[in-house]
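The structures come next, written out as structure tokens.
Each of the two complexes below includes subunit A, the first together with subunit B, the second together with subunit C.
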Partner chain A sequence: MVSMSTPTPTSTAPDPTPTGGAVGHAAQSLTGQEDKDKVASMLPRSETPGVPGDENQLSEHDLYQLAQQLKDEEANKRPLISSAEPLSALREEYTNGTGNFLEKIEWLMSQGWRGLRRTRGDGDCFYRSLAYAYVERLLFADDQDLAVASTKSILEAKLKVLEQVGFEKLAYEDFYDAFVEVIDLIVKPNQHGRKLDANGLLEFFQTPELSNSAVFFLKLVTSAQMRSEPALYEGFLMNPDTGDPMGVKEFCERFVEAAGKEADDPMISALTSALSVPVNVAYLSNAGFSDSSHKVNFVEFQSEGTGLSGAEPITLLYRPGHYDILEKRADDLETRPDRK
Partner chain B sequence: MAMMSTKRLQKELAELNGVKGTPPTGISLLSADNLASWRLELQVLGESLYQGETFAVEFRFGSRYPIESPAVVFVVNDKYKAPVHPHVYSNGLICASILGNEWSPVLSVSAVCLTLQSMLASCKEKKLPDGNDAFVKTAPLDPKKVRFVYDDDTV
Partner chain C sequence: MSSRATALRRLMTEYKQLTANGAPDNMFTAGPISEDNFFEWEALIMGPKDTPYEGGVFAAKLTFPSDYPLSPFKMKFDPPLFHPNIYKDGNVCISILHAPGDDPTGYELSSERWSPVQSVEKVLLSVVSMLAEPNLESGANIDCCKVYRENRPEFERIVRQQIRDMLGV
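Coming up: the complex of A and B.
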């Protein structure tokens, strides 16, 4: 994926304006040959009219447009969140791969993990995966009424935190309403007398406006959690582009509240604790101590709250740069055709 | 599916035209005939290089606002000029990360205006951005079609 809009800050200043951020200049040119090569290598030559043999002859503007177009097409190929597919489908993808991903996926299967629910790789995948799994867990709770009621009271309490850290009410209330509305549907039928089922949940999360409402509500909750307890997070925040340490407020404005910014450990831990929900992340990567083994390293993000009694933690699968949802439930998988 | 955007813009409008809430000081609504494009007048408060000057800012909203950023430019016409500022091109285009890749739906029209006020208030030298003339000659009028590089965190 080509990122055409990476900011290139040269320094970090403490909190200069009410909303932080940075200013700069317009760049009509791409940053360098490397970008051009990347874009050029992505061009389907035979299908690109007017592209001369030498990619250097493309104008900067053409390259930018093409890169954007490829990015959009790529994004549109995959729904925001997909039906669950059997984990064996993921294994297929790695049959010819290097590393020990194959063995690790088999190990996951041997531990009872059956399915993978993929989210679109748009930078919001952690929040979207978590939001989906968070609601799905209520849908499958033994006592739905209790689960929904306790979850709603947790979410409602977050509104105060959002207000306390200075967010404008109009900037978050619509997101909150949309998210709570879908949760309510689990126990309260809508005007057509229908409650939320697994299909309805999937539909909600595939509808950009609604799906993004859930994502942004969770992003704002994450930010508010970090801003309200800065001491817990301060030492762990750095600019992902430069590696420079950053203050909580500026970090939140630039890398939590903004769209399409990947979540990292501090955000996961903040959100876990804000929602009182335990989250386990299975790291499917070649890095770390589990490298030589065929096991997958699970990292547990525990919250202080008790959460839902008897409910399993939310489990996400991390592959470098991306989060999807891991599922043990199989009912979904057998009735649906595999989707890729 | 632009319900969300309509709902949000109606709330913002009610605040800006004083129906519900009060607009920030130094910012007043010039026109908002529809929910697609608004103009606001903006003054920089207190002592600054722009004392006594009045600017107009145009916001254009897509159906995916507030998830996606609005297009924001300073109005340049017979009545208004863009402020002379190192990050504002003389055609009105503004280079600020919050209007680009650091946009967040937590920002509103008021919040953007406040940021612009603050950006101008803290300016130490009135000068045009480097390469202004060349850029203005070729630049698209839609800021969303320009790729900005945000390399100055000091403003």
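Coming up: the complex of A and C.
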């Protein structure tokens, strides 16, 4: 499993996220020794050094609070999800790097991808990116009423699956309500007579509690999908730390439902299937090109019934350890995606 | 819908369920200290049978964050309880009250972590199990861990004495 919360040894490849990587990493991986050291160095030195465990004994709560503080500080540096920015800005970040990233970004631009919407690297970036893009595509659907209605019926059907696999209603109903509420706002004005627009959507996903509610709801849907059809997923699940095979239930409890655990292929496949929405992931790595065409490798996650609501697939940009959203608009001021 | 409203609704639901169903074997009770503030609860935990804690009734304060249940609550025994996984100030150190990222004392990889599918009831059941079976792998009270490991009768004596002191006998 590739995850920003499990720091990998420094490779020879340049940091794929020159501006975002370090921030995201520090913001979420407070489990890593380096972060513990970082936090520990912020604490007053123990009066009696050398006693094993003494530092923890004195300061678990200080540590915890300092860790929270550090997270909050990092949080202020990058919103949970950002306004779209031109893809050319990403290209600029790689001008001094090796060629492959540059060529790949240029190829994406040549294919009509003009914008990038960044998600904070807090370990939930796949789910947050997907949740955002999932609602955004309804906002830009040709027939909003149809798109919203069909999406709501798909989400409502998930409640049964959640119940069937044994989740308590109290564990999901509030998150479901919050997610459906924002989707409803696309077609039904609120008490001030206003519908959801691009700004409102961004604001929703930048508000931690609302944004995290949506993330958690999608995690539960992912978990329920895997639990309801274990045979489809079992062979692909392993403990990212040890490489041992794992059962669906244990895997879901530890790596799907828990916060800050990044999605890997089985989760993406499960969620794609559960939401009946095609998801394309553009893999932007420094790896060499598979052929002379210098294309970026797109992996398509499809499932039966995808595209029911007639909206476009969701396209995410993956750089090792992190997901962002690829957009055909170069910024949020353009009201509609540049359709072909 | 503000997060505090979501948290409040969830806490009220949990409280309603707890009072309607009660805890298994009456192992604990829990509820808001005051109806005016649903974010501060008190729990009373019965010392599990066949453990040194038997006969004791232990009060703990549960403090809920405004984004509960996305974030876990905190639990603090008041007065503090002598136990390997309880800090000397009474704070409980148990993996189920920590998100996967928070790993202050090196929990086992397989231990259960906080997620919004957990609840007050599930956590308190875990705490009861913890009283019966301390986890020395992630000790919080190092002195207590040492006594527990090296001199079990002395550990049991301290616990029983503490219960008597609490009960004023």
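Remarks
Simple rule for what comes next: the second predicted complex is superposed on the first by the 246 of 340 C-alpha atoms of A that agree within 3 Å, B and C clash if a C-alpha of one lies under 4 Å from a C-alpha of the other, contacts with A are read in each partner's own complex, and residues count from 1 in each chain.
The definition used in the following text is that contacts are C-beta pairs under 8 Å (C-beta built on N, C-alpha and C of every residue); 3 or more make two chains touch, one makes a residue touch a chain.
Keep in mind that this is a model prediction, so the values were computed, not measured.
Of the two partner chains, neither subunit B nor subunit C is touched by A:Tyr318. Judged by the touch definition given at the top, the superposed model places A:Tyr283 against neither subunit B nor subunit C.
Look at A:Asp241: by the touch rule set out above, it reaches subunit C but stays clear of subunit B. By the touch criterion defined above, A:Gly123 reaches subunit C but does not reach subunit B. Once chain A of one complex is fitted onto chain A of the other, the partner contacts of A:Phe204 are absent, as it touches neither subunit B nor subunit C.
Look at A:Glu181: by the touch rule set out above, it reaches subunit C but stays clear of subunit B.
When the two complexes are overlaid on their common chain A, residue A:Tyr233 makes contact with neither subunit B nor subunit C. Note: residues 5, 28, 31, 64, 167-168, 170-171, 174-175, 178, 208-209, 212-213, 216, 220, 253-254, 257-260 of subunit A belong to the subunit B contact set and to the subunit C contact set alike, using the contact criterion stated above.
The part of subunit B that touches subunit A in the complex is made up of residues 1, 3-4, 7-8, 11-12, 15, 64, 66-68, 86-87, 89, 93, 95-98, 100-108, 110-111, 114-115, 118-119, 122, 129-131, 135, 138-139, 146-155. Residues 1-3, 6, 9-10, 13-14, 17, 66-67, 69-70, 87-89, 91, 93, 99-105, 109-110, 112-117, 119, 139-142 of subunit C are the ones touching subunit A in the complex. Contacts from subunit A toward subunit B in the complex involve residues 4-13, 16-28, 31, 64, 167-168, 170-172, 174-175, 178, 207-209, 212-213, 216, 220, 223, 253-254, 257-260.
Those residues of subunit A lying in contact with subunit C across their complex are 5, 28-31, 53-54, 56-57, 60-61, 63-64, 67, 123, 167-168, 170-171, 174-175, 177-178, 181, 208-210, 212-213, 216, 220, 239, 241-242, 250, 253-254, 257-261.
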